[in-house]
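To start, the structure itself, in structure tokens.
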Amino acid sequence: MATVELTFSALPAHVRTARLVATAIARRTGVEESLLDEVRLAVGEACSRAVEAHRAHCPGEPIRIELRDDSGRFEVTVSDLAPSDEHEQERPLDLSMLSDSYTSGFGIAVIAGLADDVEVFPSPKGMRIRMSWPAGLNGHAAG
Amino acid sequence: MATVELTFSALPAHVRTARLVATAIARRTGVEESLLDEVRLAVGEACSRAVEAHRAHCPGEPIRIELRDDSGRFEVTVSDLAPSDEHEQERPLDLSMLSDSYTSGFGIAVIAGLADDVEVFPSPKGMRIRMSWPAGLNGHAAG
Amino acid sequence: MDLKLDHHNEDRLTIVEVEGEIDVYTAPRLRELLIDLVNKGNFHLLVNMEKVDFLDSTGLGVLVGGLKRVRAHDGSLELVCTQERILKIFRITGLTKVFGIYASVDEAKEAHGRDK
Amino acid sequence: MDLKLDHHNEDRLTIVEVEGEIDVYTAPRLRELLIDLVNKGNFHLLVNMEKVDFLDSTGLGVLVGGLKRVRAHDGSLELVCTQERILKIFRITGLTKVFGIYASVDEAKEAHGRDK
């Protein structure tokens, strides 16, 4: 079982709640202070992406984020329920292709650049992004 | 649907996460600054109670907290899965009956004293505590 | 904010300085300290709550548990607290009638001087 | 921390002061401001990011959107930023190659003076 699970409706404000929770739990789990910024940003990106995708495809469905601290790592999984047919793969930068919407794929680029370890599982039923960081030995709570 | 839902395993550390989330969302929802202390404390109490009950009865089961900001009020519901046969009703204070464990019922007393509105639903399948506070008009997110 | 604990003796009183949050997460440490002090023969405890940011009912439970232990040795457990947000919790739970609550360590020491 | 926006003109440049968090929640306000400035004929924008605490990819998207708009009028959108945590995000996404990034407003103004 995930240690903590947060479910929220597809609203930008809730992305802040998710960032706050992820940062607090990362700190407690013993993730180094210098990495907390990256945790906050990467988790925020993954949730923002999910919120945008839900608003486009299924605004009524909730987004889920699971935070685990077993296994010596701090692991975060963000799952959305929007069909991910957008092929957010890396492309060479071409300003004319960049739009100010999410399809530009910056989000995934940022996550990939920040998380210590990332796996992205796109599927017709939604995307799952799993990120993790090393957790210190002095984390307090297990389970 | 609840705006935000947090599920966590029965560990004291997670009570802090729940307090943090409740306070952040209450603030955003427009609950008055002067009431945020009460929100933090009352939500903490309800979650502590649930954690203690789970540790005694069902340590593997998760505790759930739902936070809503529709309806012009900030509403928090904490649900546990521990059979509540303890009859935590009000009793006259008698030191010899007070123990330093949770059965003393301080938790419920504190919640009742702090929340603007409280309802407690005990049942053989677990207890549900619903608390609410007035939310300002300048809260940002609905949904 | 975590919990910081400290203690020292003044006259016949053992003054326990508490700083930070006394909640379900940290209260066990306060409980251990109180038990330890009583086991070592300190039966007149004064808990200074002036630097406590947060107190929940688990914390109340620990204080009540401490009070029962010292009473078993004809001792006392009293508090120093002027913070309204903390006092409120004692009031709500009726515990203002159970604990002696003072505005300062000196005031508590004076009252003790008179008693004895 | 919410987002604070301000702007004023210096020589031919419109300096946009941004303070706080540019994220999925607040970025729409920055987008509106940039669109508004362009619609009113300000095509040389300098966005001062020195007081930005947090920037996510939604914020990047808004800046890129602004850049496209001013370019359509032969304008420019440049940034002032020395904070490593913010610069990192531009670097990760390759956007350091797309935006002119200066260490101060003065440095940006000087560069502009030379260009024109």
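Here the chain labels run A, B, C and D in written order, and each chain numbers its own residues starting at 1.
Going forward, a contact is a pair of C-beta atoms (placed from the backbone, for glycine too) under 8 Å apart; a residue touches a chain by one contact, two chains touch by 3 or more.
Predicted model, so just to flag it, every value in this text is computed and none were measured.
**Q** What chains touch chain B and also chain D?
**A** Joint contacts, listed by label: A.
**Q** Tell me, please, which chain's centre (mean of its C-alpha atoms) is farthest from the centre of chain B?
**A** Result for max centroid distance from chain B is chain D.
**Q** Which integer distance in Å separates the CA centroid of chain A from that of chain B?
**A** Each chain reduced to its C-alpha mean, chain A and chain B end up 27 Å apart.
**Q** If you average the Cα atoms of chain A and of chain D to get two centres, how far apart are those centres in Å?
**A** 26
**Q** What whole-number Å value describes the gap between the mean CA coordinates of chain A and chain C?
**A** A distance of 44 Å separates the two centres.
**Q** Which residues belonging to chain A are in contact with no fewer than two other chains?
**A** Correct list: 12-13, 16.
**Q** Where do chains touch, given as pairs?
**A** A-B, A-D, B-C
**Q** Under the touch definition given earlier, write down the residues of chain D that touch chain A in their complex.
**A** Chain D reaches chain A through residues 23-25, 31, 54, 56-58, 60-62, 64-68, 71, 85, 88-89, 92-95, 97-98.
**Q** Give every residue of chain B touching chain C within the complex, in rising order.
**A** Per the stated touch rule, the residues are 12-13, 15-16, 37, 40-41, 44-45, 47-49, 51-52, 93, 95, 98-102, 104, 106-107, 109-110, 112-114.
**Q** Along chain A, where are the residues that touch chain B in the complex?
**A** 1-9, 11-14, 16-17, 20-21, 24-25, 28, 60, 62, 140-141, 143
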